[in-house]
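One chain, chain A, links the two complexes that follow: it is found with chain B in the first and with chain C in the second.
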Partner chain A sequence: MHIPDGFLSLPIIAFTYVLAISFLAISFRKVKGNVDERLIPLMALLTALFFAVQMINYPIIGGTTAHLLGAPALGILLGPWLGSISMTIILVLQCFLFADGGVTALGANMLNMAIIGVMVPYAFYSFFSKKGGKKAIGIGIFIGAFLGDVLGAVAAGLELGLSAPVFQYGVSIAVPAMGIHHSVIGLAEGFVTLAVVYSTIKIRPSILSLNRGLSVMIPSTDGVRNE
Partner chain B sequence: MSEKSVENLDGSTPVHSDKKGLLSGLVVAAVLVALGTFVFSESIETLDVKAEELGFEGFSLLPAPFPEYTVPGFEDPLVNFLLGVVSVVLVLVAAFAVGRLLSSPHGSRGAPSA
Partner chain C sequence: MRYAPISVRGLLSGLESLLYVEESVSHSGILHKIDPLIRNISLVSIIIASLFTRSILALSLMFLLLVALVVFSNVPLRIYLLKTSIIPLVSLVIVIPIPFITPGVPLWSASIGSLLLSISYEGMLRVAEFIMRVWVCVGVATLITLVGGINGLVSFLGAIRMPGLFTQTLSLTYRYIFLSINESMRMLLARDARTFKKRSRLNLEELRGLSGVMTALLVRVHERSDRVYLAMRARGFSFASTPCPYNWRAKPSDISFLVMVCSLLLIILNIRV
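== the complex of A and B ==
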């Protein structure tokens, strides 16, 4: 989903950069001084792990390949603001060290993966966790991760489609092409996010108290209780 | 949840579990990099296919030191694997540095939700 240089028009580049930098500034403001220092090793490790995960390209439909994003798990485990910052670190290093995503498209890539890819899953997780119960939370995590991937891809399709004539396919071709392919990736992202969230909580249960957003998953006799 | 219970939940002191956790995580990351380098390295994304149909390729405005996760001049997958492992450590250090910049003293509020 990393858009390279040369695919986006100047207005789209400007618009996505303004949006992404504004959101990043809000994220920094929200978390500055609010992150428990005991959460930092886990944040660093998850960021490094999902950077590594993105190096694995697995085959999907039509001879194409895809890679997991990791953004949903980052958003749910670290919280939306810190999750966005974590994903941004990955995207910035990928762009400047490996040319994975163009510098002119960095704003768009941040918008698609570090904002939509993190916020949508967190919103669904948060909504379903209010319903209570292990099953509802699991459904929220899966649907959120799936939609985070698909909507991030749809946003990429819109940015590309609206960049015509720079990118010659219009919205009617770019959006379905990206959305359909990423719905396959979204399913994988959903299952992996479920596995990562639950195994992280099992391995490091202290995260439940370090991240207020996860407090609904404090284990009880029912496995998970809603607070 | 109290401070005491945070430590007890891990069954060890946070410092000890952090080091152990980081090491275990880095081993897992190295395995993932190995999979990405030796087995699942070929990348043909939808976007690349669609662009190819139109007859144009994306380019990199700024020259990156390691384009496509390779060391220029070295075709050896082992070199790419080592680059991947070093990159993972670099990402870990960068995230640690940013986290430190944003962190609050021990025992404060934790990561804020939305």
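== the complex of A and C ==
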């Protein structure tokens, strides 16, 4: 899903940069004075972990490989604002260390992965966890992670499709190509995110409780929320 | 590397790439002496200039400018060209149909049954322009890291006033990337050594295994983060009182370098053949 340099037109680059930077500024404002200092090393280590996880490729159909995005798990574990910042750090490092995702496409990649990829799963998780019950939370995590991945890919397809004549394929080709391919990856993302968050809640709920916004969502073993 | 399990190959190549970046920063050359802010603005201006042209000649001259900077900065040219050519090659796969679907003067045509295949001159030009632009942009991003390393990047982010939370977390993340990659690799190798795989494609069993690995890594990360935090506090570190990682130290020679790069780009953009 990482869009390289040279694929996007100037108006799309400018539009996505403005949107991504505005959102990043809101994220910094939201977390300012609200972050437990202990969360920063944890955030850095989690970012490093998901950076590594993105390098693990798995063969899928047609001889191609796929990797997990990690954005849904970061959003749920760290909260939406810190999750977005964390995902942005991953994208900046990937862009400059591996040329994976371009400098001019950084705004678009942030929009697709650090904003849509984090916010959509978090919104679903948050909505379903308010309903209470382990099953509802599980459904929220799975659907959120799946949709986060697919919608991020669809956004990438739109950005590419609207970049004509720089990128020669139109929206009608780019959007289905990205959406269909990522719906397979999205299923894997949903499953793994669900398993990871469930295990975290079970084994280390303190990871979630470090985030003040999320601490109320940690379910007890019988599925009733701790208020 | 091809004998390594597929799940580990990406990690191995990532580690290799990171080690190369660390090594190349220690070289000394023209770009290494330039102030990080000026250097990165100069290099990014090449990317911006590449977006304003559709001329293959102009894009090729921009790439030549990059090659000259690589040579004068003592970055090994062969490795630089190898590193930067992977993404354009992948991009080439994406644009392969373009010469076939772009109307124009046919360069080659053949008929397979009732299907007429034709490669147009205009389509080939589009592909060449696209690949050259991708190569220039990838070349710039690679050069920024090979010359400045992670410290140069953090200084640049500090200079453009990114909040301390971002720059400090980025620095801390980078320090733990090697450890995270190594730890993930060990766990995946241990898992592969213990299991016998009948199918190589992604399946539910594979996903369950990956989730287990990730959860185990997550618990380790959590335990380590507490130790890291306590160690940092014991050394008197405070996130609130960390200074900006950039001090303006641009000299006249730095400004001259920026002016020279921008002038060359303006000349390149105005070349008409």
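One rule holds in what follows: the second predicted complex is superposed on the first by the 214 of 227 C-alpha atoms of A that agree within 3 Å, B and C clash if a C-alpha of one lies under 4 Å from a C-alpha of the other, contacts with A are read in each partner's own complex, and residues count from 1 in each chain.
As a convention for this text, a residue touches a chain if its C-beta (ideal position, glycine included) is under 8 Å from a C-beta of that chain, and two chains touch if they have at least 3 such contacts.
Just so we're clear, the structure is a prediction, and the values are computed from it rather than from any experiment.
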{"item": "Combined model on chain A where chain B meets chain C, clash or fit", "value": "clash"}
{"item": "First (chain B), second (chain C), both or neither touched by A:191", "value": "second"}
{"item": "Chain A: partner with more touched residues, chain B or chain C", "value": "B"}
{"item": "Touching partner for A:123 - first (chain B), second (chain C), both, neither", "value": "first"}
{"item": "First (chain B), second (chain C), both or neither touched by A:103", "value": "both"}
{"item": "Touching partner for A:15 - first (chain B), second (chain C), both, neither", "value": "neither"}
{"item": "Contacts of A:200 with chain B and chain C, given as first, second, both or neither", "value": "second"}
{"item": "First, second, both or neither for A:3, with chain B first and chain C second", "value": "first"}
{"item": "Clashing chain C stretch [against chain B; choices 60-68, 132-140, 150-158 or 204-212]", "value": "132-140"}
{"item": "Residues of chain A that lie at the interface with chain B and also at the interface with chain C", "value": "4-7, 28, 31, 35, 37-38, 40-45, 47-49, 51-53, 55-58, 65-67, 85-86, 89-90, 93, 95-99, 102-104, 168, 203-204, 206"}
{"item": "Sites on chain A touched by chain B in the complex", "value": "1-7, 28, 30-45, 47-49, 51-53, 55-58, 62-67, 78-82, 85-86, 89-90, 93, 95-100, 102-104, 119, 122-123, 126, 156, 160, 167-169, 173-174, 177-178, 181-182, 203-206, 208-213, 218"}
{"item": "Chain A-facing residues of chain B, complex", "value": "1, 5-7, 9-10, 14, 17-18, 21-22, 25-26, 28-30, 32-33, 35-37, 40-47, 49-51, 54, 56-69, 84, 87-96, 98-100, 102-114"}
{"item": "Contact footprint of chain C on chain A as seen in their complex", "value": "4-7, 10, 13, 28, 31, 35, 37-38, 40-49, 51-53, 55-61, 65-68, 73, 77, 85-86, 88-90, 92-93, 95-99, 102-104, 166, 168, 188, 191-192, 195-196, 199-200, 203-204, 206-207"}
{"item": "Of chain C, residues touching chain A in the complex", "value": "6-11, 13-14, 17-18, 21, 44, 47-48, 50-52, 83-84, 86-87, 90-91, 95, 98, 101-102, 126, 130, 133-134, 136-138, 140-142, 144-145, 150, 153, 157, 163, 165-166, 168-170, 172-174, 176-177, 179-181, 183-184, 188, 200-202, 204, 206-208, 210-212, 214-215, 217-219, 221-222, 224-226, 228-229, 232, 238-239"}
